[in-house]
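Multiple structures follow.
The two complexes that follow have subunit A in common; it is paired with subunit B in the first and with subunit C in the second.
Showing the complex of A and B:
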């Protein structure tokens, strides 16, 4: 019994390890997470410290990645931004994949008016240009005094609100086919309630999709925050994210490249690794679909 | 088929109306056009501020329902989408900007999709070969770089090349610039200005579409009809070009229909970086400038693009795919 249970997992691991890009990606992600966690001890400066002797200085021994216009250390800022971007990516991914799983599975399992209503809401949210509306709300909170500490939570909520619909559709169509299986009928005849059947029998059966989806949502959320930040609608100062740093750096790229180079390298490494791991997971879970694109 | 498309169309129309009204509600509550007047120096008389705002239906002292009625009735009756806080008709502005966006996007998106299909097909035929792995990695890289980073890096590279060669071959400010008077000079000038954003859009499009085309092509390469074609005596290339490739273009072209729609707002980075005054730039400006009516009209335009794309995709599947075409009587969506 134990043997048959461990085998699929081992096979999964073997398939994942065969994909060199994904393995390298995983190593990079773990390294970046560790760096982000121990960040405050890796730099003599805090991200909001101001060095009055060094305004807009290129990289030196004291400031390995240079300083900003206001004398803040780029290395410390990048570490802090990485931490914030990771948190935003992870929280948005977990929340939106959870919503997608619950809405998609319940809609498909119960059908009827609830399914029609959910699909209509999904269509509506897809029609609304999410980027514009997130920018609308984020720009308002950025202008108000309550910005800073609370604003990134608002950003997480907005990104989640507009981030779950496509996955929910996929979950729904998968649930529709899982629902046909005999063990679901058996569970129902044994008197198990709908929500219990969904949680115990349906969701575990589409877990592979959910894991892949959550992984790709991490990179999607980080990229979305980066795009918003470029226009000043992202995480607000004095707090910072990789996106905010990149947005500021991009404007002065030709004169002060060090404001851009560090955050750009880190974010590309991070997104590339997350996407590579997502691809690797997909190949491992479902070697039949030689797929490597989510569409 | 017609009834099915009509039903889809009606559903989309209702969605668009609801989405536009929601956008209006959000814009009215989140943006504050009054603040534009209040920060002015010397200060403006509060009564004249109020009059100014009221004349444009932007005053927050008028009840919400009344403002909504004014806003929606002027759209329904006169197709007038309102005025920006500083004056200026939103509709006229958008009419002009749409074509700027069209000029910016067309070439890049077509090249991107075309190149993507070529690369995807090439990769799928050599699955797990060196060129396939290289292209797969490059596509992954292309999708992992924020688009404004690509655009900014291109700009820096172009500046360097201009400096080294001492020419102004790469132009990256606006749509047009100084040019000669000889025949075609104007067109060459426009093309020079389009070059960098087109390269950026092509990279992004090729990365996206090569992944889709590769997946779809892999599926159709192993399909029964390709084996049948081989069995009839076609060579591998013939079977692939005449059968596998054609079928694989159906899903890819539906993705293309979708992507064109989102590109209008998505190209905001290119517009701002390369100073094209199109829709994407307008979207950002209206939000930064507390322009309620402008923001709502842009959101409505974005929604319209998504729906057009979705409808176009529905239509393309029905039109291109003989399997759907012949099964149209039993097709219910």
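Showing the complex of A and C:
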């Protein structure tokens, strides 16, 4: 029984493993996540420790990636920033994909005024200049007393709020086509309620899209946070993220390149491998797509 | 007539006698490379096609018939590998460049595809596409090419070709598009026309029209026709010679008469035996071929049909039999035992003996429902109308019309009865079933289920209680099973919805699978790992899970292969008797309805035009539409099929958004011409109601059955138990 049940999954795995880029990407991601998790034990310094003997020192044995102007260890900072960026990326991706799945599927299943209302909201959110709005709200709250720890949560919520609409549109159109299948009608005549049909029959059948979408949303969210942080609207000090580090380092790029090189390398690696894994997943789920090439 | 002469010089007609071989296929192999390995779709196929000849290639899905056609046209996908020899007038086509083939395609060989919806470019008018296909191969001025296009449209029976030539494909119905595609195929007077299931997507009456056009087109151009189909009735009607394909190989070939009346291959016999026939004894179950065709990923070592063949022995499994000549002049069979078959004149009845007849089940089974509940009304629909509004515009939606999908029908279904609901697509059959299942008030009228008025269902509980009692089996088993769930979860789902005791779910699922003839090894499989017949069995098991009393069967076998159908039909018959079910059987296959149903209702454009017991309606069809349907239905009996008079409705089905006034059928009625103008006005103005039909049976409508032993058509002894009311909605039913 177990053997036959795993068969489709095994096929999926085989298709994924055939895509070398995706496998390398997956290895890099896993490594990065492990490094981020055990980060505090990889460095003798905590990210907010200040080494008064070393201000703006280039890489050395004691500080493998150098130190900042305030004497903080760049390696510890990068590890902490990576952790923060990963958390932001993952949380935003999961939240926005969930919202997209729920709104998209319910809108398509029920149709009528609910669908029109949802589409109206989606269109509205799409035309709002989200970058400016997030920047305004984030910087305002950072200035307030409640800043610090809660500010990155606010950032996550804002990124989610403006990140789910495109996925929701895709989910809606996919649900419309899944809804045509007779097993949905059969479930209705079996007495299943609408929400149960959506959870049991519609979402599992668009799961491949949701997984791919969530994966790609991770890189989207990390990049969005990075660009906000670059302009100073992201995670606020003393907390840090890869974007904040990049923003700070870029200002002194020519004279103190080590402030920029580390975070930049890691973020490029991270985004490239997340996208490679996303592409690999898409090809594994949908072998008909062009990118999968010939057998 | 002048058009026909313009199409081909009269000298060509004499060539018909000289039988030159046009197309010669020898040892054709087609292999597809895919993830699972190499699929050997066509294995060692050889045949030749002579001028003016009609050759049918018959087989089930996956038997390699389309792959053969595509290989001949050189249109196979890149992943296919073609070996062997295909010669057109002696010129080798295998390995020829695409450019070389392009000069032949459309000029010497033409193809008519199955799906008329996707075979035309939607952005060009029909005329532009026809002119293009003419000008590709002929140097003619735009004016003369256009003139020719009008002639072609006229030839294939498009009314008002001068105007219609400017229409776009979407303005044509399916049947009209298929006519246009035939016109395109004959535009350059090809010598070979390959038609790949040309009528499968069409309704029976349209199919009859299109087959006529195709035959006429071939006669006029003296083209050889390679007709690919799964429908033995179509073969019996059109073809002179036929080849039966199974698992990539030709297993029998010969003249149509030889194949149908003197088959020498068990597979062909099984196919013929699995068809319900008009005129046979209804109480005998259909003879079903067990099992499924083999996978062509691993080519069989012995006879490919061995696993399903009742005649199988060790000799069959040793090596694959090749085609051998069984009788003169040209009848070939690939069966080790063809001599035995010939000596004992074995027929399908000897080979595929139905395990159970309906009588034997009836005596064995003890019906769940006590007999006194018989003749209780399970379903009662009176004056039911279901109209859908048509809207236009996005923001400010305004109502622009109404679709009269169901327009006032009365139906009654008694306990333990099977009611057949027959009609062409778009007549409102599916809307009727869905409006029953919705358990919601229709636009007008009342639906009573088990005595309860659906309009007065006030609580969710009552609704759910009623839900349990009626279930549906859909047409396409693949799309009605959730691909993400295992067979166990699929069958258990309705039980879980109604919160049945979880401990008993396991047992119940096993019991249900047994009931539909599947064993426990299927429990963990997913829908895509099942064949069509197996998935339909799972659908039936799921529908039976809650012990319903009324099962709505919406074309339950029309998506299945011929050899699988009989097994499902027999299963349904058996279940009905053992479980005391009532069926509402929706279908377009009239022969099947006659086999399975007790009473039948014929629907046309949202109304019921004739209803009565199966015997009464089939022996004495009273409404002209019923007569048309019966005569358009192809019968798998060549002599009978070719000799009977045909009555085909004119034109196309009108849109249900604007049905004709009066009798809905008057625009297509072939009998209307024979009426006086006064009577004709009545047809147009007054809509007829159902009234009792004349009870005199018309003996000429009775279908004789061919008997292999005596070699003649004998009238069957059908007992006449004409009970129930036979009514028809025609003003002049006595007259016509």
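As a convention for this text, the second predicted complex is superposed on the first by the 286 of 295 C-alpha atoms of A that agree within 3 Å, B and C clash if a C-alpha of one lies under 4 Å from a C-alpha of the other, contacts with A are read in each partner's own complex, and residues count from 1 in each chain.
The rule we apply is simple: contacts are C-beta pairs under 8 Å (C-beta built on N, C-alpha and C of every residue); 3 or more make two chains touch, one makes a residue touch a chain.
Fair warning: this is a prediction, and the values are worked out from it, not measured in the lab.
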Which superposed partner A:183 touches (first subunit B, second subunit C, both, neither): second
Subunit A residues touched by each partner, larger count belonging to subunit B or subunit C: B
Contacts of A:219 with subunit B and subunit C, given as first, second, both or neither: first
Common ground on subunit A, meaning residues reached by subunit C in one complex and by subunit B in the other: 295
Subunit B contact footprint on subunit A (complex, rising order): 21, 120, 123-124, 126-129, 131-133, 135-137, 139-140, 143, 219, 223, 226-227, 230-233, 243, 246, 250, 253-254, 257, 260, 264, 267-268, 271-272, 275-276, 279, 289-293, 295
Residues of subunit C defined as touching subunit A within the complex: 33-35, 79, 437, 464, 467-468, 471-472, 474-476, 479-484, 486, 493-494, 497-498, 523-526, 529, 539, 542, 546
Residues of subunit A touching subunit C in the complex: 1, 4-5, 7-8, 181-183, 185-187, 189-192, 200-201, 204-205, 207, 287, 294-295
Of subunit B, residues touching subunit A in the complex: 11-12, 15-16, 18-19, 22-23, 26-27, 30-32, 35, 127, 136-137, 140-141, 143-149, 152, 155-156, 159, 208, 211-212, 214-215, 218-219, 255, 265-266, 268-269, 272, 283-284, 287-288, 295, 298-299, 302-303, 306-307
